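Naming follows writing order (A, B, C and D), and every chain is counted from residue 1.
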């Protein structure tokens, strides 16, 4: 039985709590949030104890691991305090949107030896993971072309969220950068990005973009394309396509049902895609927690590391710099 | 908070228990089974109390409703004892495979006024329910043709299960009979069936068939076809297709992921279909329990009734009789 | 170079003429029709000579084979006269809608030894033929279930055509009966049919039906279902699905393009299906003529025989009789 | 009746000749090739006169238009000689792989006033054209993202063809550049390309690449991605995907049939894609000729112009230069 202290009981934290509660060998025992009523609500739903005192949670004997789902700008602090408390950590992505803070966190973490898994949940999605497994198993031969389509359903999130998110590249593309590294099995070494403002004036007002195309290459010569938009009118568009000498394997979109319609307006019409990440990646979130429980319990290192989070951010920064300078950018991971 | 007493903790009962446990406003409080260790295992996983004494469960104050998942030949007894105890009932299908026992149960139930929902879970499947909703909303105009494909993945179940199940028509086709009534929105009045032994010698040994085709018509002139097999090598094949003047709506198969493959052997290859009912109909089972909780809590009558169970069995009997006599059979529902 | 005399230059005849003209080793040299201007138009388009004198065509030295595309009720006469003239025959289906005339034609044909191919063009469709080839090659093991969906796009044809066509079973279902025999690889021995009037009052006025479901079984125990409608609003719905122990192979619908649309109204929307037989089965018609040319040129017997036409009609008659008597009907092919 | 003189009777020329011959209002009257037997073969199949004397063809009274399908490095000469002869021209793409020769041809063409259609046949493909039509009709709102997948089936063409083709960008990508311009409805203004050698050593030996990714932007801010490979093992992969505020429209791959297979190895397996351009784009080639006939006959200017050919080549050159310099390249169309 792995007992979790949950840090942050917002929408994502609450979802995590419920997914933990379903596991036969795990439980949420403590819920922390700066908003007492939010903590109380999630605690009630999972049989946990609510608190607004982080030290109480981190010091509790019945907390075997922490799950960090607090706002992004608190992740570094929560990671370090949890590490000090010696608790294994499952932390939502990203580590931070400020590269300097990430590097500082990396330095300070050297003092501790706690397992830390970063929440790149898409790696656990049955469809995307199916592509990665097929590639890793050599089904398509050496990977030559990787095409990632990743478009959020609209409208744009509220301004405060946009202001804090670090911009399109650090907030959205970063997921695709991690997916690229995951499927490629190696690091991109050069990145070029084009971007535009097409979705909503708010992005330009914030100095951000809302539409982008990236190309990258790896040392071995694999090429990767990512395209992003902050808005679709047909749901959450999330696809991965890997191509090589022996074939192509793709992860296609998920829908709420397998209903199709034929009529005067056309044939084969399917549902809109699942709306957003909590619906689309529910199975991935559950598999991610399942894997964390299994590996922490077995004393194995987590599958997605701090370094994975850092490298995805480095790639996002490279894409941003490329866009700003209109030059391809070489990525330095040291 | 609706507190369930679970009667029967086999594979299906245990699944139900876990699905109840996930609901924020429901809990399993008692688990009964003739096998003490089975009851104990499910009880432990859900925080319930285990018992081999059915009266203890039915008499407990902290049991607001019962969920019957015991062997089919005990359903009638469990239904009647639960009704006597005044507990709302969610009972796995079928009521019984013996029509006489069903009629007797129906008579005796008149004395009680407890809500009873029969577990035709497929009615709650997002894809099949999507078809029914579209038809009921008039999307395809009057339904003219209904085609139901329903084939179990192989190999056949163990002999004892086959011996007790009542044969292909009462065990498998009955689900499709209920689906037909659900989507048609009216009762078939005449049934004709052809059947064969193609899958495994065991079916012939038991005097059963393993492959069948049924056609039916309703009073309004809608035609319905069902085809069944006891075995596929590609997973659990479950499709519903409704056709009318304004179009066609279909419920297609579900798969574990949205991965597709292109290679020298062909293109667009998808996963095998989900293997069997617990995997394929997980969402349906959850929605079924969710709906039962909502309706019992709100004092509304259940959506799937004892009479639905009786009529599906009458149709299965009609199909069987048609096969045995090689004549179309009119169905008498009185 | 195989030189064709075309008998009948209506819509189908004209299409055949153009398909012949494209073949590098065939030509249309004579066009006969009772309507001189119709014959002249097709003749002009293909460089042939037009005539309203059938004897001229049948007696011409530059006619190596005839293609009969005249009205159905003239087929028997045209077949016999062409046979007398010693010309190899490609004749549109059906032989006739009157079984007695078919039997008489069969008797009289015994006196002649000319190749005669009946125009069951669907056997040459790349998709349906692909299913047959897979079944014949043992890909799915023994065929156990065959499901044929065959629905004409609406509205219904003009009254004179309906009056002459012999009714739904002899006009539409007959194609599916031939497809069933083709894919099954054996003859159905028993047929049961249900039917209804759902599409248009004209069918009832003519004593005909417009909607039907058929089930059949073969001597080996394979089961086959056919469903028909005289009208869809989404195009010409033509599907074949064969199922056995080793898998399932299907022939799905054809569309004018591979465009798909995602939008607020749904995702994956495809074109309407190709409207009707000339569009849908263009490749089949061409392959049929190609095959006839090849086989006649090589002195091989045609692939689809008079007896195939007779047996398909026997099955259609059996379905009609079953519908009229509401009893399964055994088929006697002697 | 539009009478064609065909210049070049290789594989493509011969195909064009047959497609012309099928049109009711067009014919091939002359076939020219430097190889007399090749010219004779195509002439025989279409009832035309064969010649090795180009002047004979260009001077013939029964030649209303020319179709140039000779080797690429002769296109400029053939265009100019045909223009001098005053014949409307349908010329296979590209104009030339040498930009200087294209510019010179452009200069010299100013002296003539003959219609000239360049053979970007893909613009006439029902699927790709369907996407363009939807975009032009505003179905997806302003186009924001365009993704073009274009991969040739392998193995690579013979060395002499590769040596003459101008390299991947000028030979393959040029088609996608034209498709991009066609669907975007405006010109890309900046191009960036990455490329690699992954398919076969011969490409590196020739100083060429075999795998590429391009990103481009237009003045209005639309972004476009193209990915190319010289080899697939599953057929000719040709897709176009256009995305905007109001939705997404895609042109998917074509296959020889609509057969799908379900079995132990997976479900929904379709045929390999059509192998290569003559099979995949047969309908496009026919529609292209049809359109040329219609427009020349009606005195309308051709739909695809010399300038379209020039601009596609300018974009291919820009992609090549970008790859060589590893810098984004602005495109100057003046």
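Just so we're on the same page, a residue touches a chain if its C-beta (ideal position, glycine included) is under 8 Å from a C-beta of that chain, and two chains touch if they have at least 3 such contacts.
Just so it is clear, the model here is predicted, and its values are computed rather than measured.
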Centroid-based (C-alpha) most distant chain relative to chain B: D
Of A-C and A-B, whichever chain pair has more C-beta contact pairs: A-B
Chain A and chain B: spacing of chain centres that average the CA atoms, whole Å: 38
Chain A-chain C separation of Cα centroids, rounded to whole Å: 57
Per-residue multi-chain contacts in chain A, two or more chains: 232-234, 237, 246-248, 253, 260-264, 271
Contact footprint of chain A on chain C as seen in their complex: 232-235, 237, 253, 255, 260-273
Residue ranges of chain B touching chain C (in the complex, touch as defined): 142, 144-145, 147, 149, 151, 190, 192, 194-199, 211-217, 221-225, 227, 229, 231-234, 237, 243, 245-248, 326-328
Residues of chain A defined as touching chain B within the complex: 18, 21-22, 24, 45, 126-127, 130-131, 134, 139-140, 246-254, 256-264, 271
